[in-house]
Amino acid sequence: MPTPSQVSTVPPTAARLAQPRPLSGGRIAIWSLFALALVAAPYVFTSSLALTMLSQIGYLIIICLSYNILLGQGGMLSFGHAVYTGLGSFMTIHAMNMAARGELPIPLAFMPLVGGLAGAFFAVLLGFVTTRRAGTTFAMITLGIGELVAAMALMFPEFFGGEGGITTDRTYGKGFLGITFGPAIQVYYLIAAYCFVCTALMFAFTGTPLGRILNAVRDNPERVEFIGYNTQRVRWFAFTIAGFFAGIGGALAAINFEIVTGADSVSTIRSGGYLLFTFLGGAGFFFGPMIGAALLVFASVLLSELSKAWLLYLGLAFLFMVMFAPGGVASLIMLNVRLARFGKLRAVLPSYAALFVAGCVALLGAAAMVEMAYHLQLNAALGPQMHFLGMTLDASAAQSWVVSAVVFLVGAAAFEVLRRRFLRLWSAVQVEIEQRIARGEAV
Amino acid sequence: QKGETVKIAWLDPLSGLMAAVGTNQLKTWQYVAEEFNKKNASGVKFEIIGIDNKLSPQETSSALRSAMDQGARYVVQGNGSGPALAIIDALDKHNARNPGKEVLYLNYAAVDPDLTNSKCSYWHFRLDADTSMKMEAMTTFMKDHPEVKKVYLINQNYAHGHQVSKYAKDMLKRKRPDVEIVGDDFAPLAQVRDFSPYIAKIKQSGADTVITGNWGTDLSLLIKAANDAGLNNVSFYTYYGAVTGSPTALGAGAAGRVYMVSYSHANLPGEIGRMRDGFKKKFNDDMYASAVYHGFSMLDAAFVKAKSTDPAKVASVLEGMKFNSFNGEAEMRKTDHQMQQGLFITRWEKTSDKYPNDSENTGYTFVPVKYYEPYVASTPTSCQMKRPS
Amino acid sequence: MLKIENLHAYYGKSHVLHGVNFEVRPGEIVALLGRNGSGRSTAAKAIMGLVHWEGHIDWKGTNLAGRKAYEIAHLGLGYVPESRDVFPNLTVQQNLLLGQKGNGRGSRWSEDDMYAMFPRLGERRNVEAGVMSGGEQQMLTLCRTLMGDPDLIIIDEPTEGLAPKIVELVGEYLTTLKGKGISVLLIEQKLTIAMTISDRALVMGHGNIVFSGTPEQLRANAGVRKEWLEV
Amino acid sequence: MNAEFFVISLLNGVSYGLLLFMLSSGLTLIFSMMGVLNFAHTSFYMLGAYFAYALSGAVGFWPALFLAPLMVGALGAAFERYSLRRVHKFGHVPELLVTFGLSYLILEVVQLIWGRSTVPYGLPTQLQGPLFTLYGTQFPKSRSFIMLVAVLMLLSVWLLLTRTRIGLVIQAALKHPQMVEALGHNVPRVFMLVFGGGCALAGLAGVIGGNTYVTEPAMAASVGSIIFVVVVVGGMGSLAGAFLASLLIGVVQTFAVALDWSAASALAHMGVQVGEQTFGWPLLKLTVSQVAPILPYLFLVLMLIVRPRGLLGTRED
Amino acid sequence: MAHNDSGGGFALELRDLHKSFGKTEIIRGASLAVRPGERVAIIGPNGAGKSTLFNLISGRFAPTSGEVLLHGARIDGRAPFEINRMGLSRSFQITNIFPRLSVFENLRCGVLWSLGYRYAFWRFLSRLQDANERATQLMEMIQLSGKRDVLAMNLTYAEQRALEVGITIAGGASVILLDEPTSGMSTTETTRFIALIREVTEGRTLLTVEHDMGVVFGLADRIAVVVYGEVIAFDTPERVRANPRVQEAYLGSVIAAQQAEGH
């Protein structure tokens, strides 16, 4: 079981979390770019679905980052993070309903703070028992508490609204300068603003004494006790901070959907999702979970709509990612950034392109077969004809199966050949870089 | 109107706990759409867009938005009052904020009475009978059966289960004050593997009748455990005995002891019978969501009457409209948009020449034992419908 | 018996051994000396198949190239690593049992022999090895390897962390092993026991053997000692 | 509570407990030895049921009883060989996540092959009907069979652990794999065998759990967390602990179902007037029987807080 | 840490300490009193209980009975972090550092508490001048400045040992316990390292466990000999070496003599 030092979410090479140094030019540029992306996104992706997806990505970034305070920075594998996002959502939605009834003079723009405080409150409370232990014991306690809270959500309809959940109307209050938060775009900007601020705060956290000691606790809790720190305290404080941001994320979700239900907001499945995608994004890097958040939305909203086989694809993607890129997407990116720094990126680009093409061919064949299989099972009522990437396939004809299989095999074979070649190139490039580093050409 | 394509978005689960049920229902919508496309009075073509809402209200709102992006102006949904409420809530807001782009919601199976009472909406129309109506029929049936003396209630611990329990108690008190309620249990939703402790408790209580709103494995395992323990002098009154999976679990052991209340049954003749048989032949699966038929026949009639497929116009003609169900004339009650229809009490028995429809190839079927006219099961409503001005 | 020719070894891309040649004959104690980082442990790991290597390693006529560590162990080579690597959750006795091959029948050594050798181990046989003192762990690893009944034992810095008295004891036992016909490849860095008990001494520097001869020759060769052993 | 009810409930409790043990023995094996939180364990359980369903159509139930677990075990071993082993070096979280991914995969494949609804996997005639009748309640043969198999599993895993060095090898290899190899043990093969063995046990549980209960795609998820509770409450690394925990949870849960007490009724008993208006009424009115199925989780949390090593465990992590 | 020399003026005092694990008594009434600024070496056979003594003093284990006093204040039974805050710091026999933090970060973690930054999450590390300066200074002291940003797990063994000691002294504790600081080092490295230890512990109280007699005699003002859980001798190096009981229980004949002369 994961003893804390074994909760190594990243291969050693990728282990170093970014550390804030005084604002340098590059850093300012990156943050400005992030802000710009947040502002510009709705102008680039304009459909209403895209807008909801952007909003979801916005608050999920906060949630996944908050989860990574536990997993990546503190080595705490939690199976119950949804408890804090979910309870944050519920407290917020109750607060919004009270505000709508005129019992609570809080404008909507500040509601996320209510969620944050609620998240922090429950994290203080439950964290007191969970964070007394680390490693597997911690993981299992969070699993137990997660299951308990999830079960409770159905038992106390008075608070959780039962199966139907609690609904609200975010357009309460008079509005301010025409901002009523009715239109989805206004909500998006609310979320984007919080997303930016929370991301900045959590990034700042990695550079504070508590943040650093938290890393030390992850690496070697025993030793931390001998340099004056109470590890339980450290975990507890970090847990609370994570709870606070989780609560903010949960609150924004409540504002976005105007409905919160116990059955999924606090479920262990939800918690599992945060874990999976934080990891997939890359727990070893500060920005990894942000990628994870985007992937989570793409997978659950877009992928599930594009294909009935989405869970199959998701399962496969997980399996392969963990096997071949255990540092997550972020580590892949950083590897290439490293190449670029040493001016080697161009050397591997043709290989990337070739691999990409071969991969696509293989994927095309495989996906065609998967889609036909699912079509036969789920859409049988529509007949054997199906549309796949603009083509029409006859799922009952042997011919389409054979063609797909051949496409797949050709793609896969080409991919394998190219991959071997690529690996050789890759290691050659790495050796060269190592040598240059050894010669002191550090960048 | 003629030749128009009407896109209907189906928002129900294709993954998770209810995947099997959702899959069956999606097939039913697709199949019945084909049937109606062959011949309908308004001359439209129906197209079903199936979207997985994962049984989650939040996912449902995403799914709804995507449905609207794809041009669907009718949505249908049936599993769970949570997603139902989410749709109602979202449509109330959307339709108010986007006049001319209204979307209309047909609920074919979510039976929470609140949906046509405290939470009723102008854009929501329910084709199924709600929990209270079904309980009305069930208790009326018990009124004529004096052997029902001690009733045990066992339900899932969430909104639906609580409603079943509440209505059972209220109505029995009214109709059979002599009946003793010897137990009122709630087991968590889809968590219990082993129902034998509950069976022991039922046996201990001396109950002769069990009323349960359980569905899915919670029903299958309950009945299985009862069969195993040899609890054969107790009858089970159920809501969802025919839903995917349950007939297989009922098997021979439950014959003669399991009753079900529904607006339809597996051996109805006529048009619905033809479709059911066709469905079975095509998919080797039971078609039990017969309300789907109502969905199409009602829309078809409304299109003709409104001379349009525009949801805003269709909604106004639907109010109080009478149309042909597979079982005589039915009415969409104006006050709360709850369809008024007759209800059957059926019992699990061996198939016979008269009732040949084999459920899930078990050799058994639900045979009708009593039919109640719409007025019997009709329940009053507290709905204060807000209509767009 | 063990013959090594032109051995090159690598950690990933770093090239650590550059063509090492030496030989260990039956019933002989050979000391492999050298500074920190000179590559002695790497040579040991290469023999046991635990690092990537090229060249020739020949053991009783068998080429060890491409063999897995467990196969090599079954061929009669025993290894005591410098990092000790006791299995902390297992008891002392279980640690010893794991050293055994098969059911241990036919082995020259029994569990009791070990306890006789280091009574301290016998006293603590049911204690988890992880809580044993540093020196006790060192004794345990030696015994664990002996339990596998090797013909050649490669032992990496065995006296590290042992009390002077025990260091002497270890020296005596290695001589005893030799008496039973077991060869020993003794990797050391402090010259004390190596010089007293070994038949031959090799000195390693920068991944090469830079000296080979008897302890006396080494003692006499101040140049080698100064340059490669820093004493 | 009279004697009759007590005896029946005890029997139910014990047999449910043994079912839990049957489900979790393979997990205990893998979890305690390899430290892998195998989230796909219940997926292998489900595969066992489906394989047996498919096989018993062709060769009959009894041969399937042997074949299906073997097939599941082979799949498990293959998974270890080609996937888990690669990931092992990255630590426990990635290991957990690949099994997570695998559970999705198995679920989807099962649904593709056998559809999304229940399959009619029935009991063989020899196991139908009651074994004996007690106070008018029948005790089915199928459940007795489960009890028998669970006890056999306990015995065989126990023998495996005590009569062979496999357990030692694996525990040692978790700390220092290279050292164990250097002592002459083929570590990768042992890992593969253990993982395969654990999966085969899950498969066996599926073969008999599938027809005693129901065989459907949700069967994996529905027992997913409870078996972790068993393993953790029992104490990681302790087979006897898992056994004890299963029985305890089985019995406690069964008896809890029988108790219609609530805090409210207790207060009323003591003369405190409580009603819908009382603060915390929703909590007060909950009866023990309503919370019965979540008791194990409560149990888990309390246990880990007061005794993190579990009932009979020796180690904390 | 301010010296607080009440209670007999000892920096560290053990009074009749006992510790049993299960039925085995490992420490059987050990007593020892160390004066401030003194350098004490603890020697004794393997398994005598030297590391266990350190564990009892530093709070890793609570003694079964007996007292431990740090500058006159009882510390037995307290948690390690409390004891550390009172001015006692220790290193470990088996290297115990933060593998995924850089050398600099390892050291900075070591200084944070003593500079009063505690659990602060509202200040930036990069702005903590004093902490950064101390960490840099320490890094120079242990001669790892060239490896400032190397992850600790990528250091060589000897460097890790040095870092281990660096972390131990980082917090500015007045009493330092080092458990076999030079194990695994070559002779030259040892010599250099001992000089280093001398330097960094100047003015502090030092207790160190060692098996290398050269180190012991080169470093210690006084030597405590632990045998079977008891302190059987506590005296100057010369007299300890002459003590026949010590020779019999621990030193043996040849080797120790050689080692002691070697330096």
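Per-chain numbering from 1; labels A, B, C, D and E assigned in written order.
Keep in mind that, in the parts below, contacts are C-beta pairs under 8 Å (C-beta built on N, C-alpha and C of every residue); 3 or more make two chains touch, one makes a residue touch a chain.
Just so you know, these numbers come straight off a predicted model, no measurement behind them.
The set of chains in contact with subunit B as well as subunit D comprises A. Graph distance from subunit A to subunit E, where chains that touch are one step apart, equals 1.
When each chain is reduced to the average of its Cα atoms, B sits farthest from subunit C.
Across the two candidate interfaces, C-E and A-D, the one carrying more C-beta contacts is A-D.
Taking each chain's centre as the mean of its C-alpha atoms, subunit A lies 37 Å from subunit B.
Chain centres here are Cα averages; for subunit B and subunit C they lie 77 Å apart.
For the pair subunit C and subunit D, the distance between C-alpha centroids works out to 46 Å. Residue positions of subunit B with contacts to 2 or more other chains are 23, 157, 188, 191. Not a single residue in subunit C touches at least two other chains.
Annotation for subunit D: residues touching 2 or more other chains are 111, 115, 290, 293-294. Those residues of subunit C whose C-beta lies close enough to touch subunit E in the complex are 35-37, 82, 120, 124, 127, 131-136, 138-139, 157, 160-168, 189-190, 192-193, 230-231.
Across the complex, subunit C is touched by residues 165, 168-169, 171-172, 175-176, 178-187, 315 of subunit D.
The part of subunit D that touches subunit B in the complex is made up of residues 4-5, 8-9, 12-13, 15-16, 19, 111, 115-120, 122, 130, 133, 136-140, 142-143, 213-214, 216-218, 221-223, 226, 253-255, 257-258, 289-290, 292-294.
Those residues of subunit C that touch subunit D in the shared complex are 48, 50, 68-70, 72-74, 79, 81, 85, 87-90, 94-95, 97-99, 101, 144-145, 148.
Against subunit A, the residues of subunit E that register as touching in their complex are 58-59, 79-81, 84-85, 89-90, 92, 96-102, 105, 108-110, 112-114, 117-126, 128, 151, 153-154, 167, 170-171.
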